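Chain IDs A, B and C follow the sequence of writing; residue 1 opens each chain.
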Amino acid sequence: MDSTLIPRGLERASFGKFLLWILPWAALFGVGLYAMYLCLADGLYHTNMDNRFAFGLWIYLDLTVIALGAGAFFTGFLLYILHRRELSAVINSAVVLGLICYSGAVVVLMVDVGQPLRAWFTFWHPNVHSMLTEVTFCLTCYLLVLAIEYAPIVLKNRRLRQVPRFLAFEFELHKVMPVLAGVGTFLSFFHQGSLGGLYGVLRGRPFAFREELGIWPSTFFLFVVSAAAAGPSFVLLTTWLVQKITRKQLVENEVFMFLGKVSGIMLLVYVFLKAVDTLVWINSTSPAAGFPAFEYYARTSFGTWILFTEIVLLGLVPALILVSGRLRAKPAWLFSAALMTCLGIMLNRFVMTIQTLALPTLPFDEFLSYAPSWEEVATFLAVLAYGVLIYSLTFRYTVLFPQERDLLKH
Amino acid sequence: MDSEHGKNARFGMVIDLDRCDGCGACMIACAVENNVPPGHASATERTGITWMRVAAVESGQEYPAADVAFVPMFCQQCENETPCISVCPQNAVEIDPATGIVGQIPQRCLGCRYCMTACPYHARYFNWRDPAWPEGMDRQLNPDVSPRMRGVAEKCNFCHGRLHAAKAKAAAKGSREIDPADYVPACVESCFQNAIVFGDLNDHESEVAKLARGADTFRFLSRLGSEPKVYFHSTRPWVKEMAESTLTRSKKENGHG
Amino acid sequence: MFPWVYGFKWSAGHLIFLSVFFSVLGTVSGSVVTAAFRSAKDLRQRTADAMRWEMEFEELPRKARSCRHEITGEVRHRTCDHEFDCRTCSVHPTFLAQAAATSRPEDPAAGTFGLAMPTDRLYHRGHAWVKPEGDGTCTIGLDDFGARLVGTPDAVELPLPGTHLNANGTGWHFVRGGERLRILSPVDGEVLKQGSMDQGWLLRVRADDSEPATRHLLRGGEVRPWIMHELERLEFSLGSSGVGATLADGGEMVSDLRAAYPGVAWESFCSPFFLEG
């Protein structure tokens, strides 16, 4: 039915089977769209956020998907700037993942703010001291860059390529890719960082507040490094997952190993910096604001175990597995470590967003809890469904993994 | 500190916690003065808008030593590195150098709520719904204060409607200086116990400045370094201790948990 | 954002922030505009075919891009990096010199696996042959390997006389069952006359048949190993298409592959052998 759209030499499931796979996700996406409509048209009271818990699941989602989507900039940086040719096997996939993550985050942000039609105000009279201004500017620019990077992947489709203009444009776009990769890296550095700074600057939230290094809090740099660690791991995991679902080998094992190695090295650097940062915070920053650090953890739900899990179990352990060449060579270890890396970064974003808001600051205040409403969860799932849909369509109709055809089993 | 518009003021408050009996008249007066709509039927303590919120704090001791203090909590008008100003992406929060009042500009607000997470006093509120007044109640809206739309943040601004009225009155007399008697926020006016003293902290002779300098006066979360301009006063040792402590409540909670 | 916006303050922060922002916007839009302009220029100066070939060559399976000297066994491993254009390749002459020094006599008895590959012709990697006619013109046709892949087409779409062909550009199309298959042109030249499948040739072109102009075409002793290489690829393809290995050594290629394997998607299956990405 759609066989003339499928790239040559690639095996894809029948159209009916593809529809069966797509439909549940499309349905989930539809429910999410309805939830978004409720929030936009009716008001944010559909969420379970409130004046005390002003950021919820959505901000957590934004911080997480943007960290996971960092694979796009980091892979591009390694491929185009540092010329690690082996990564050309996953660059298309990394770009698609990046585009999904970033566009998903921007859409959710638009639902999250009370007056989305005023979003342009930030560009009109920006407060250059706000981390959110930096995030807004960099995110918008980077989404543009990702869209341009995604264009040649779509234009590669064999039907579109028959139009000479598309063909020539794609041909020339390939040549400016290193420039765009450079700009993308530059922008990513700043918005990954300023997303970290988002909480690090909160003087009024001593749990999140960190010392300033230059004009940015230390979390700025921690987020950059941790995103560079999580990105390759996420690309590795999704590629592996797609391999499992489609029962095909899509990239050579060396590519997995290289991604794992990059992720491991970045994670090791991150864990070290995070440990130093945590010690400084416990011993100096937090007490100076009048909050002995261990009081935060004197809670039944958020004990010191969360700190231990974040830094050691889901930080140091996967980092050591990934940097060890012997363990990395075993697929089970490699993929578990990549999963742990992603979970560790997700836990870090959870601690930064949710735990920060759950902890009281006023002496007579209580520990707060928050559970998202169905509208929030549906919107969250819609982003996931949207990602699966875009990825599936791109996988089916374009060459997402250039090595796939050479790796066909005979 | 003088500018071309006259002498710069630093408006502040001192609240006597020993006088406050928690009646809540200030909360009502505040909402009426500032056109805060009545809460929706489903509104909770955490979703309703209460620029002024009186919290009851128990001493935690057994009878007969058991005691309670009522703490009115609202925007503390932080002066130094005001947490909500630096975070706002589009300059919708500003501090007026002429009055020291931290102002919220709802017309410019995007509703991102970053300022709400930044505020250590939880003194900022978000319009989760469209504001609505029951039939008839809309007729007593304050014409000097514009109501806010859904999706923007708002907070106490020391009754800027009353400040403008006082300025207009002074201007009519040909003066740049407002008469302190003309500018009294609604909560101060409504307090039966006279627990709230309002005035210019820059004016060393004013009652508020004297009280702020006096003994047994403290501010909440002063170690954060944000220099709030709202002071509290109490001679009860446990109240002072509570204000200085950080997470006292948590220990009690843990005792239960 | 702009100095004329109400409340704008000239501070160092604004200057740095906004200049960075506008430089980024400038770089990004500049790159895209440059790409757009250059693509418009490309379309005027060179053919879309040439660009298409340059791009598609990169996307061909690695095995399809083997250097002719790898196929003949002169070098262990070499993938072509010159889009099969040996005329401007700097490595090709050194191989030629080497081959001249250690020339082995060709074995004319060694067949080409049951395929008719006459030695009076030059072969393009995309299975078109060129036969110099000695009067400054050449005839062009499809070799036996290609013919067996194509089978009996419903139609042949040949370029009209007067059309200028480019080596590695589109030569002509075969149509079968609604699908179109592109065959690359083996030489640069002007179409003089159209032939047909029955005549044994498809096009007569005016083309330079002297040495440097045809250097990229396979000849003589290269043809046998190349056909072996192509049969290997075919065997791999058939294996992965789910029809199983059927072309064991010693067997012969069937005369119409599509008729023999009706389950195989004809165009997608054949196009890699005609170097279509």
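Simple rule for what comes next: a residue touches a chain if its C-beta (ideal position, glycine included) is under 8 Å from a C-beta of that chain, and two chains touch if they have at least 3 such contacts.
Bear in mind that the values here come from a model prediction, so they are computed numbers and not experimental data.
Central chain (C-alpha centroid nearest the global protein C-alpha centroid): A. Of all chain pairs, the one linked by the largest number of contacting C-beta pairs is A-B.
The distance from the centre of chain A to the centre of chain B, each centre being the mean of the chain's C-alpha atoms, comes to 39 Å.
If you average the CA atoms of chain B and of chain C, the two centres end up 77 Å from each other.
Multi-chain contact residues of chain C (touching two or more other chains): 7. In chain A, the residues touching two or more other chains are 124-126, 129, 133.
Residues of chain B found to touch two or more other chains are 91.
Taken together, the chain C residues at the contact with chain A in this complex read 1, 5-8, 11, 13-14, 17-18, 21, 24-25, 27-28, 31-32, 34-36, 38-40, 42-43, 48, 51-52, 54-55, 59, 61-63, 236, 239-240, 265, 267-268, 271-272, 276-277. Here chain A touches chain B in the complex through residues 43-45, 49-55, 112-115, 118-119, 121-122, 124-127, 129-133, 136, 198, 201-206, 288-292, 295, 298-300, 356-357, 360-367, going by the rule given at the top. Within the complex, the chain B residues that touch chain A are 40, 42, 44, 46-47, 49, 55, 57, 71, 73, 81, 83, 86-92, 108-114, 116-122, 124-130, 149-153, 220-221, 223-226, 242-243, 245-251, 253-254, 257. The part of chain A that touches chain C in the complex is made up of residues 3, 6, 8-9, 11, 123-126, 128-129, 133-134, 137, 141, 144-145, 148, 161, 164-165, 167-176, 179-180, 183, 186-187, 399, 402, 405-406, 408-410.
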